[in-house]
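One chain, chain A, links the two complexes that follow: it is found with chain B in the first and with chain C in the second.
Presenting the complex of A and B:
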């Protein structure tokens, strides 16, 4: 294994492709954190998106229909979760765990019903997300490798992060959302409909995780496998915390997890045990969070003593 | 007087029963989609879970790890330490137990004790790491335990696949060798799968109930769940209690892994605890029963019944096995809404 520009370009490329599904969900999680909702059900919503995309794909062979289906299905699930969390005052972790159990079961249940297969469905009839044409980058092989085989949805993940940053910090609705997260009763006393904002935010986080799921099932090999999200929704929650629920910070933290996952994949060809490299992203999450929190706590103590 | 008592006893059951009814309704809709008659399917499901000695005892075998992980979750969650690490703790317990039972020298009884104790210690220490991260780094318990589930799963897989792999049989499974027969839990009724682990689970239910309701540790841990500031004010070290609770919850969940290794599989098989999602069902049982140990016992048996019943319908009809996860997810979802119904009740009372 020799490390040259080309190799680094491959790593860069696979990092982006690993990052973007997580980034979508992490953005959703960050928004939820901002309105004081701890949404562990994102894992199930992402799975819903991944599944709905393939189902729509199977019936219509249309990319647009698949994306819309992923968004709508995940939003529906998120709406149920939001109603139970906010209106019915269900404990957020309980609702989230239920949503994950429910959707984990339901997607597999429906997969057997629709596709008559067990475990995974893959077919050459399915269409993939269209790739961005990199010919405009000229003749540089390295540049082409770096940005090759990316989809428009990958690109949109980063655009969404920037848009959400402006939404949160530069618009009135963004301000209202943050005020609900900081102090719900106070926000309500100012006439803000806090319950509605919380539910809508959960629904919107569902939309984002739907896109993340769609990217997961249609970005590379177009397929659906039982529980194919494999904890990505949970990693995304960690990324949102690590990025301090700031959309731009979340881009950085998601990229970190994307990098860890792409390293796990790259190292599978090396002499290091592939099982250990698979544990790497999860372990890295804990270590990164520990360092992040340690710095935060130390700064807080300094401020107090100063 | 008598009537009042019965009412008070039945009241906590009302909500779970309502939730189970709603979930069965959702399940019925799912079955209608497959084109089957829900009533018939439920009848097959019930028969496959509780109809007859064989099915009932199979359900009890399946309930064993669910009860134990449910207790582990109940202890932590009732004190507001909402960890989701039962799966990892169970994996580590089972893995450690299998390796010690396989590779420790010495006479069988000593080996048995050491492999069990070793597994419990492993589970406790492993769970205490999350407690330490919460204490020193204020890291969300939910996130750290979730991440550790995956770490435990892959690290143990690494050791099984690369060091301790059973190369004798069909090489498709990532599993260790079988443990010696002298170390296995005896079957309670010869010929039926239910084993000593079920008795252990029932004893644990009583022990946990006693611990939570009749000892000062239980009182302190409930206090931390109730109000952590009050607890510190009252001279209880909430940190010590936290480490204690989380380590204990890890130890209990590790016991679930031990029972699986010594009682049912007689070896550590990678992926079985994840695929069966025992720890998650256990957590669901704890949630449904509102962390009451005896409630955990009953709900676990019901949930295990839904699983074995689900397997029965998957065998004989076109309804996929996953109907049981769908029903389970719905039960906990509807259970979570309990506060609202109580609120509605008090409102009604106010109007009168």
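Presenting the complex of A and C:
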């Protein structure tokens, strides 16, 4: 394995492709954190999106319909979760875990019903997300490798992060969202419908998760596999925490996990046992969270002593 | 035109025959309230008199069973607080409703934010707030964050919020409960200024000296009924309190008795806590037999931790504590209590009782080990029940049945129950933390009498309270606690509120 510019370009490209599905979900998680909702059901919502995209794809062969289906399906699941968490004040952990378990089972069941296959469904009839044409980058092979085979949805993930940043910190609705997370009774005392803001935020996080799921099932090889999110929803939650629930911070932390994921994939070709390399992203999550919290606690101590 | 006629013309608000039932209980029973433009009206009454219900009705949070509200001659039907706000009725909440990480300006414009296109125009918000702050002489820096602000300033932000909403009628709900004497003075001045600027003000309170100082008129309520409307110029504290309580409170002078030997001695107590600034910083004090010693201070200066360390709920780092000559430093709670300490804890639910336990169980806590009440771990339930019933009767805890859950008691009654239990431990030392928090004047008087009685029997009482009037009324000696240190000491003879307040804020006695 010789490390040259081309190799690094491949790593870079793979990191982006690993990052964006996580980024979508992490942005949703960050928004939930901002309104004080601990949305553990993102994993299930992402899975829903991935599945719904392939189902729509199977029936319509339309990219647009697939994306819309992913968004709508995940939003519906998120809406149910939001109603249970906010309106009926269900324990967020329980609601989230239920959503994950339910959607894990339901997608597996429906996969057999719709596609008559077990484990995974792949077909040459399915259409993929259109790739961005990189010819405008000229003749540089390295540049083309870096940005090749990316979809418009990959690009949109970063655009979404920037838009959400402005929404959260520069607009009145963003201001009110943040306020609900800080002091819900105070927001309500000033006539803000805090419950509605919380539910809508969960629904919106569902939309983002759906996009993340769609990117997962249609970004590279277009397919659906049983439980194909494989913990990405949880990694995204970690990314949201690491990024301090700031959309731009979340881009950085998601990229970190995307990099870990892409390294895991690259190392599969090496002599290291694949069980170990596949554990890398999850291991990175644990380590990153531990370091993050350590630094946070230390800073707090310093602040107190200042 | 006489003064009377002139006033009639300027009526801004009338509440007519307001009745509000909660089930069978009449919280408001035919209440009439009149508010004139630019006046300060005090609504006074004991806990449960119905003041808060009446104000919630005015602020749109409660809907009256019958009766009507007339604002500037027009009948008004309020369905929500937002509606009240839009009609120019504002409320300065007792429990601040602020967003700590946000700036002053962000908090004030909340809900009516200035916009610039799609974006929140924070610059306009800052300018508006600065202008308001100047107009009403309420100094505030719009870009400061709420985090770390003293209570007085936070309240100022709350007032500004109401002013920003363009309220003409401002309701203050127990506004001075959490303030230091200096802050109280500032606030009273602010209220007068606002009234002068044409705002009509309603203040809910039971602190009569403040009423006398600031209000033009007072409306007295008792047990849901309207008792009287009086002009402050024609009344006195004594008259007001008699109307509030329904009987004459005897203003007893507490005779001083010579202090005996020390019961509690604390020497060089030190507790670091989590931060770099110690919570209790080399504190020494003593409480003698026949003495009530008060600890005054703005809450959060180590009083809570001190009480916890004294009872053994929390370990200190160094120092010594003795009770009746016995070392209790960092001993277990049970050992400390057996040495002769009882405590009325500041948080009646966290430390003082179990909500899910019955009233009789709460009453027997700490008593059940006595040989007359249990033997070999078996409880004498009947005796215990009688014991509990006696406490409940003696201290006037209002309940139908002592087998009900403690959580079914109102806050004031739960407080009475806990005070009864701890006072009746008959220990040489009683630590009373906020012993009358949330109880009404009658019950407060009763608990105060029991504390004085305990002292006069030759026991020692350590009184930790944020109510200065309570501290000044009961204490033979007063320590002021600031930043974990004793920042001055007074005796009953040489104390005055001015000096006390100064030391509480960290000043030094000249």
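The definition used in the following text is that the second predicted complex is superposed on the first by the 306 of 306 C-alpha atoms of A that agree within 3 Å, B and C clash if a C-alpha of one lies under 4 Å from a C-alpha of the other, contacts with A are read in each partner's own complex, and residues count from 1 in each chain.
Please note the rule applied: a contact is a pair of C-beta atoms (placed from the backbone, for glycine too) under 8 Å apart; a residue touches a chain by one contact, two chains touch by 3 or more.
Since the model is a prediction, treat every value here as computed from it, not as a measurement.
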Do chain B and chain C fit side by side on chain A after the overlay, or clash?
-> fit
If you stack the two complexes on chain A, which partner ends up touching A:94: first (chain B), second (chain C), both, or neither?
-> first
Spot which of chain B and chain C makes contact with more residues of chain A, would you?
-> B
First (chain B), second (chain C), both or neither touched by A:6 = neither
Mind working out whether A:179 is in touch with chain B, chain C, both or neither, as first, second, both or neither?
-> second
Touching partner for A:170 - first (chain B), second (chain C), both, neither = second
Could you look at A:299 and tell me whether it touches chain B, chain C, both or neither (first, second, both, neither)?
-> neither
In the superposed arrangement, which partner chain does A:189 touch: chain B (first), chain C (second), both, or neither?
-> second
Is A:241 touching the first partner chain B, the second partner chain C, both, or neither of them?
-> first
The superposition places the nearest Cα atoms of chain B and chain C at a distance, in Å, of 5
Would you please give the residues of chain A that touch chain B in one complex and also touch chain C in the other complex?
-> none
Complex contacts: residues of chain A adjacent to chain B = 38, 40, 80, 84, 87-91, 93-95, 97-106, 108-109, 112-113, 231, 234-235, 237-238, 241, 273, 275-276, 278-279, 282-283, 285-286, 289-290, 293-294, 297
Enumerate the contact residues on chain A facing chain C in the complex.
-> 166, 170-172, 174-176, 179, 182-183, 185-187, 189-192, 301, 304-305
Interfacial residue positions of chain C with respect to chain A in the complex = 80-82, 85, 93, 97-102, 106, 110-111, 113, 115, 118-120, 274-277
In their shared complex, at which residues does chain B touch chain A?
-> 30, 33-34, 82, 84, 133, 136-140, 142-144, 146-151, 153-155, 157-158, 161-162, 277, 280, 283-284, 287, 320, 322-326, 328-330, 332-333, 335-340, 343
